[in-house]
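These notes are about the structure you will find just below.
Labels run A, B, C, D, E and F following the written order; every chain starts at residue 1.
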Amino acid sequence: MDLPLFVKEHIARSLREDLVHGDITSQTLIPASDASSAVFIAKEDFILCGLFVAREALHTLDSSIRMQMFATEGAAVEKGETIARITGTTRSLLAGERVALNYMQRLSGIATLTSKYVAAVEGTGARVLDTRKTTPGMRFLEKYAVRTGGGTNHRFGLYDGILIKDNHIKAAGGVKQAVIKAKASHRFLRVEVEVETTYDVIEALDAGADIIMLDNMSVEKIAEAVDIAKGKVPLEVSGNVTLKNIKTIAETGVDMISVGALTHSARAADISMKMGDVT
Amino acid sequence: MDLPLFVKEHIARSLREDLVHGDITSQTLIPASDASSAVFIAKEDFILCGLFVAREALHTLDSSIRMQMFATEGAAVEKGETIARITGTTRSLLAGERVALNYMQRLSGIATLTSKYVAAVEGTGARVLDTRKTTPGMRFLEKYAVRTGGGTNHRFGLYDGILIKDNHIKAAGGVKQAVIKAKASHRFLRVEVEVETTYDVIEALDAGADIIMLDNMSVEKIAEAVDIAKGKVPLEVSGNVTLKNIKTIAETGVDMISVGALTHSARAADISMKMGDVT
Amino acid sequence: MDLPLFVKEHIARSLREDLVHGDITSQTLIPASDASSAVFIAKEDFILCGLFVAREALHTLDSSIRMQMFATEGAAVEKGETIARITGTTRSLLAGERVALNYMQRLSGIATLTSKYVAAVEGTGARVLDTRKTTPGMRFLEKYAVRTGGGTNHRFGLYDGILIKDNHIKAAGGVKQAVIKAKASHRFLRVEVEVETTYDVIEALDAGADIIMLDNMSVEKIAEAVDIAKGKVPLEVSGNVTLKNIKTIAETGVDMISVGALTHSARAADISMKMGDVT
Amino acid sequence: MDLPLFVKEHIARSLREDLVHGDITSQTLIPASDASSAVFIAKEDFILCGLFVAREALHTLDSSIRMQMFATEGAAVEKGETIARITGTTRSLLAGERVALNYMQRLSGIATLTSKYVAAVEGTGARVLDTRKTTPGMRFLEKYAVRTGGGTNHRFGLYDGILIKDNHIKAAGGVKQAVIKAKASHRFLRVEVEVETTYDVIEALDAGADIIMLDNMSVEKIAEAVDIAKGKVPLEVSGNVTLKNIKTIAETGVDMISVGALTHSARAADISMKMGDVT
Amino acid sequence: MDLPLFVKEHIARSLREDLVHGDITSQTLIPASDASSAVFIAKEDFILCGLFVAREALHTLDSSIRMQMFATEGAAVEKGETIARITGTTRSLLAGERVALNYMQRLSGIATLTSKYVAAVEGTGARVLDTRKTTPGMRFLEKYAVRTGGGTNHRFGLYDGILIKDNHIKAAGGVKQAVIKAKASHRFLRVEVEVETTYDVIEALDAGADIIMLDNMSVEKIAEAVDIAKGKVPLEVSGNVTLKNIKTIAETGVDMISVGALTHSARAADISMKMGDVT
Amino acid sequence: MDLPLFVKEHIARSLREDLVHGDITSQTLIPASDASSAVFIAKEDFILCGLFVAREALHTLDSSIRMQMFATEGAAVEKGETIARITGTTRSLLAGERVALNYMQRLSGIATLTSKYVAAVEGTGARVLDTRKTTPGMRFLEKYAVRTGGGTNHRFGLYDGILIKDNHIKAAGGVKQAVIKAKASHRFLRVEVEVETTYDVIEALDAGADIIMLDNMSVEKIAEAVDIAKGKVPLEVSGNVTLKNIKTIAETGVDMISVGALTHSARAADISMKMGDVT
C-alpha cells in the first residue's frame, strides 16, 4: 500500500516550505547534469524510523532518485552505520537532504525514546502508550514512530476512543452516570474513565467501565487501585511518568502506562547525509 | 495583520487530525448548550509563545469562543500563572483544548530553550541562530518561537540565503571559485561559505565571502579564525554547540552561533487547561 | 461549534460544481440589486435534516443572506409546511437554491427512511444501524442523517472499529485465533466478528468476542444464535434486511440490525424553494 | 485521457474518509505481504457504470494493484456475472473494497434506472434527460452514469445553459422580454424558457425561444403544447415524471423529458467483492 | 454575492507568492502598531477594473483594512485621479500593495484595450469578443475585464460551447456531417463551425450551423461570406484582427469579431499606491 | 528534478479552468481511439520559454502523450520553425492544446521582450532586472522566463530581499537610520535602499547601504549618482525605463536596471499547434 495521501501531502508541503522558489545556492554552483550518490549515516545509536517517509520526500522532489536501504524500520542502528544510499542528480540530493533528514531524525528520535521506556518496563507486562500530545499535523507519523519503538498507540484522536474526564463526569452527574451513559451510546468502543481516587476506581468498576485511567496518582495509590481492579478491567496510569519512575509504576501490576514525553519531548536522532560520487 | 493563510490551513488540518468525525465523548456526555470558561495555566516556568496560534485554533473550531489574555508573547511566565481565560460552549472548549495546547507547548518549549542559550552568551555580543532542522511543516512557527525566545533567524530555507557547503565548493573547483561565482550571481543576498580549516578562512576572505561559517571546529581553531577574520566579515559557528560550551565559543569573539537543538530537540513546555464555570 | 472544515470545503466544492463561472441566466435577466425572500416548502411528509448545511451553503455563496428557521433538525415536517425563510439578493437566492436543496433533500431522505426502519422495530429493543455503504465524500453527513432519523451509527470507517470478516478469519487461522489476536492488540475498541453459522457463534463467544455479527442468516438461524448468545454479547444482524422483514428479525431478540439501504438507496425528500418578495 | 483531476481528488478524499489512520482490523490480522485476488460480482441484473472509477480508487490506494476487466461500461450485467478481477496485497484489496464498491454501486444504480426510463420511451423519439438534482460533489460522475444508461445530459450547472424560470420572467417583465434579452446576450447558447400554460408557449414561440420547457403540465396540456410548437422548437417536459407515466408523456410527441429521480432517487446496484487466492 | 471561492483562493495564493514568510523590510523598520491611509492613483487614463479584487486581497491579508472607493468598475479613470483610499496598519498596507496593484493593473489593462477595440467598431453593430488565449489561472477574471471594457465573452472553455474546427471536420467526414452530428447531440448549445472558404460557408449554412466563424479570411472573402450568410446566421471573424483593421472588418457587416490580443497582449494600466497619514 | 509541486498544481488548475466537465466538441465528433501527432510551430521569431511547462500540462491531462522537442529553452526560434512534436489520442491533443500554448506563449513573450532589453544594453555591463509586477500566481514562471531571456531576477517577493522605500525611511527617521537598523537585523541579506536625490545617495553610502536604487531619476541625476557611488556599491535604476531610453541609462555606468514591463506588459509570442496524422 502506498503512503496515505495526507502523508504525501504533508511531505509535499514540507518540501515547499524548504524550497519555495528553489535551492539558489546549488542552482548557481552545481551543474544541472551532475550526478552523485550519498549515504545516510547514523551519528549515534538509535532506533530507525521514517526511512520510507524520507524516500517519498526524495521521490516527490525528483522521481528519478533511487534509494537502496541497508537498514529496516525499527532496527537498532549503531553509530557510524550506513542506513541507506541514494543516487540522483547532485542538485536533487542536496535539495531534498534536509527535509528527508528532518522526518527521519524526528521519527527516529521518538522511536528511540519509546524503546527506552519499553525497555524500562520489560518483564512487568505493562505496555507503554502514547498520548495526543503530538506535534500538530504529525500525529499519524509520530504514532507510527511510537509503534516502531515498541510502544502501543492510545486513541488517535477525540474520534476513535471514549475517554471520560472530570468535566464529563461533572456534566453527567458522577462517575457512574457517565460510564453508564457512554456504554449505552457506544457499542463498538470500550469506555475508559479517568479517576483520581481509589473511591472512584470502585465506582467506575461498579458502573461497568471497560478501562480505568489512574490520573496523577502516587505509586501507593496506584498499588491500591491494582488491588481493587486487577483481573476485572485493565488499568492505565497517566501523568508524571518518567524514565526513572516508570519501572516502579509498572511493578504495581498496571496494564498500561501512557507517556506524553514520547512525542512532545523526544530529541531528534542524529543522522547526517554524506555525499560521494556515483559508483 | 491576520495570521498567514498557510498557518491558518495548518491549524485547520491539525484540528481535523484530532477530531475527524467529532469528539465522541463530549457529544455523548455534555449537553450542546452547556457553556464554560477555562484557563490556561503554566505548570512550570517558561517563555510564552503561541498564544495567538492557540486562539486561532479555538476560533477556527468555534467562532464564538472568546479569549482574554493575561500574558504576552515572549513573557517569562511563572509556574502557576494563568496565561489566558477562554469562554464558550463546554463542548467546544474541550474539543479545542489539545490542539491549542500542542501548539503553545511546542512553541513555548522552543522559545524557552532559545532563551537559555541566549542567556548563556549574554555580554559576549554573539547572537544565537536557528537552523533548518525544524519539524516538517512547522518551520515558520518554530522560527517565530526562536525569535520570541530572543534568538535570531538564519535563512528560512534554501531559497532565501546563499550557503556554500563542501559539495558546492567541490563542484565549483575550490572555495575561491565558489564564492566569486555566487557573488556574481546574487546581488541581493550575502554569500556565506562553510569552512572547516583556518586555511579556508583565509581563502574565503580573499574571495570576498560576506559571512564565514566555521563548521565543527574546536574552540582553539575558532579562536584562530577570529584572529584572522575579526573586523572583516561576520563569523558563524556551527556544529556540536551545547548549553555547556556555548559561552566558551561565544567568548572567542564570533558573531553568530547556530544551534540545531533549538528546534529539533526542545521539550514541550508544561501547560494545562483547567475548566471552570462561566463567571 | 461551527461546521467542521471538511464539511465547509465539501459545500464550497458543491457550489463551484453548480456555478463554475456563474449563473448566467440570472446575471442576464435579474438586476444585481434586486432583493427577495424565499421559503423552503415541504412537498411531502418527511423527517427534516440538513437545514444547517443548507444555511452554510447559502452563507458561503453570499455572506449577507439571512435564514429564519421554522422547523428543527429531526422534526417530522408535513406536506405544505414552510421549513425556513431566506432573504438576500434575488441573484444569490437563485444561485444557491439547488445546492441548498440537494443537501437537504438527500439528508432528509436518509433521515426519513431511517425513521421508518426505526418505527418498524419499535418496542423490540433492537437498534437500527447504518453501514459504510455511503455516497463517497458524504459519509459524515449521511451518518448524521441516520442519527437524525433515530438510527445508530456503526463505525465511521475502517479506522474506528474492529470488524473481523471471513478473510481476516482465514488469515488468522480461525474465528478463535482472530478474536484473541484482535483483543490483545486493541484495548480501546470492542472486537466484533462476523459469522455465518451458529457453530461460529459458539466459537466467537468462547474466544471472547465483544459483539457478534450474524451475516445473511435466516430468521430461524438468527433465533438460534440469540438463544446461544443472549445476555452474553450483543448480536448484530446484517444482510438482506428490508422494511418488510426487519420487525420479524428484531423480534428474535437481536440487539442491532444494520441496513445498507438507509444510505445507499434512500430517495430524496421532496422540497422546493418558492420565491416571494421582501416583506 | 486520464480521469479529470477533480475526480481523482474526489476519489482521494473518499479513501481518506474511509481509512483516516488506517484499516486497523486488517493491519492486526493480515500479514503485510499476503497477496490475493478478488472478483467483483453482480448480485442482480444491472447496467454497469463506474468500473474505471473503482480502478482509479484502488490504484490511488496502492499503485501495484492490477485490475482485469470482464465487462465494459454500459454493459447489461447479469446476476452472478464476474465484472472484474483485481490482484494485490490482501490488505490493499480489503482497504479499497468499500470505496470502489460505493462508487460502482451508486453509478451503476443511476445507469440502471436511467436505462429503464429510456426503455420506457423507446420508439417514441423522446429523449430522457437528467437534472441538476444530483448528490453534491458527484454531479460529473452522476451525469456520466446517466449517459452510460442511455440518457442525455441537460446542462451541467448554472453556467452552461440558459434556463429562464418564473423569477427571471417576473424580473424581465414577461416571457417575451426575458427571451429576447437572453437571446441578445448569449449568442453561443440556446435559450430555454420554462412555461406553465399553453398561452405562454405561444408567447415563448413568438419571442424566439429555442427550447420550451413545459413545467408540471397535464398530459392534455402537453399535447396542446405539442400541437402549437411541434416542428418549431423542441419541447421538454419536466415535473412529476415517473416510470409509469413517461410513456404516455412521450407519446404526445415531446422531444425531451427530464427526470430528477434518475440521480436523486436511484437505489444502489448490488455488487459484492469476493476474495480468492492468487491464481 | 461574495467573490467566488476559486477567486478567493487565487488571491490567497497570490498573497502567499509575494509574502511567503513575511515582509521582512517592513517588519524590521515599521512598528507593528503604526497606522496609515493610502490612495490608489491613476498614472494614466484607463478603464478601471479589479477594484473589488484588490479589496479582497487586502481583506484577506488583514481583515481590519478598510477601503473607500471613489470610482466604479468600468469607469474611465483619468490620469491623476484617486481611485480609492485604504486605511489600516502601515505594515498591512505595504504588504498588500503589490498584489492589489498587480490584479488591478492587469485587469484594467485588459478592460482598457478592450474598450479601444469596442470604440473602433462603434456604429457598425459588430461585437468585440475575447478568446481562450488567457493567462493560465486568470480566465474568469480576464473575461470579466473584457466585459468591463465593453467586450462580449466567447465561450469560457471547452465545456460551454461547441466550436467545430478543422480536425473535427476531418474526423466527422466534412463540414456538413460535423454540424449535423453536433446539433443532434447538443440541444442546449448553438453549434459554431470554423470555415476558411466561402464554399464552406455555404455547406455550413446547408447543414444548419448556428454560427459561422470565418477563420483568417481576407476582408474581401469576409464580405463575400456576409453576402451569402447575412440574415441567416451570425458570422464571427477570427484571426489577425488589429486595432487598425478591425473597423474595416466590422464594416463588412459581420456580427462578431474575436480578438486574442485583448487578453494575451494587453499591457498593464499604470496605477500606484501613495501612502499618507491617517486622516 | 521534477517541476515544483506548486507549478504542477497551477497547471492542474489551468486545465480544469479550460475543461471543467470536458471538451464537448471533441467528445461528440472525434472517436475516443483516434490517435494523432501534432506540431507546435513558431508563427514569428521569438525566444522559446515554457516548453517543459507545456509538456507537463499535456502529461497531466493524459499521461500517455509523448513529446519530442526540437528546440531548447532559451533558443531563438524562427518563424516557421517546428518547436516540438506531440503524439497521443486526438481528443487529448485537442483538449490540452490551448493550455499548453497559453503557458508557452506568455512565457516566450516575456523571454523575448527581456532579450530585447538585454540586447539594448549589450556592452555596457548593466544587467536587466525584473520586478514584482508579475501576473498574480505566475511569478515563479514569469521570473524563470526573464532568466531564460537573459535577464536577472530581483527579489522574488517581500520575503527574500530588503528594499527600503520612502515609507520605511519615514518610519525609521531617515535614510541613515533605516539602513543601519536593517543591516543590524539582517546578516544574510544585502540592504538596498531606494532614493530619489543625489543627496540621499550620499547618505545611503554613509550608512553602509549595500545597493542603492535610483528611483525615477533623470539620466543627468543618474550620472551624478554614478559619479558619487561608482566602485562603492552597485546602483540600480528603476522607473520609466523603456527600450528607447535603456541604452542611455546603461551608459551612465549603473549596474542594474529594473524594468516592470518585462512581466506586466509583454505580449504573447505567436505559436500555433498544427495537427497531422500519426507517422
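Quick note on the criterion: contacts are C-beta pairs under 8 Å (C-beta built on N, C-alpha and C of every residue); 3 or more make two chains touch, one makes a residue touch a chain.
From a predicted model like this one, the values you see are computed outputs, not experimental measurements.
The chains touching chain B as well as chain C are A, E.
Each step here moves to a touching chain, and the least such steps from chain C to chain F number 2. For the pair chain B and chain E, the fraction of shared interface numbers is less than half, so the two copies use mostly different residues to meet. Repeating the B-C interface with over half of its contact pairs identical by residue number, the matching pair from C-E, A-B or C-D is C-E. Chain centres here are C-alpha means, and the one lying farthest from chain A is E. Between chain C and chain E the CA-based rotation angle works out to 120°, given as a multiple of 5.
More inter-chain C-beta contacts link the pair C-D than the other of A-D and C-D.
Chain D and chain F have centres, each the mean of its CA atoms, that are 45 Å apart. Work out the mean CA point of chain E and of chain F, and you get 22 Å between them.
Centroids built from CA atoms put chain D at 52 Å from chain B. With centres set at the average Cα position, the gap from chain B to chain F is 34 Å. Touching two or more other chains at once are residues 19-22, 95, 140, 156, 159-162, 189 of chain A. By the definition of touch given earlier, these chain pairs are in contact: A-B, A-C, A-D, A-F, B-C, B-E, B-F, C-D, C-E, D-E, D-F, E-F.
Interface of chain A with chain C (complex): residues 152, 154-156, 159-162, 187-190, 192, 211, 234, 255-256. Within the complex formed with chain C, the residues of chain D that make contact are 10-11, 13-14, 17-26, 28-31, 34, 36, 90, 94-95, 98-99, 101-103, 105-106, 109, 132-140, 157-168, 171-172, 178, 181-182, 185-186, 189, 260-261, 264-265, 267-268, 275. Touching chain D in their complex are the following residues of chain F: 12, 15-16, 19-22, 60-63, 89, 91-92, 95. Chain E meets chain C in the complex at residues 1-2, 4-6, 140, 143, 156, 159-160.
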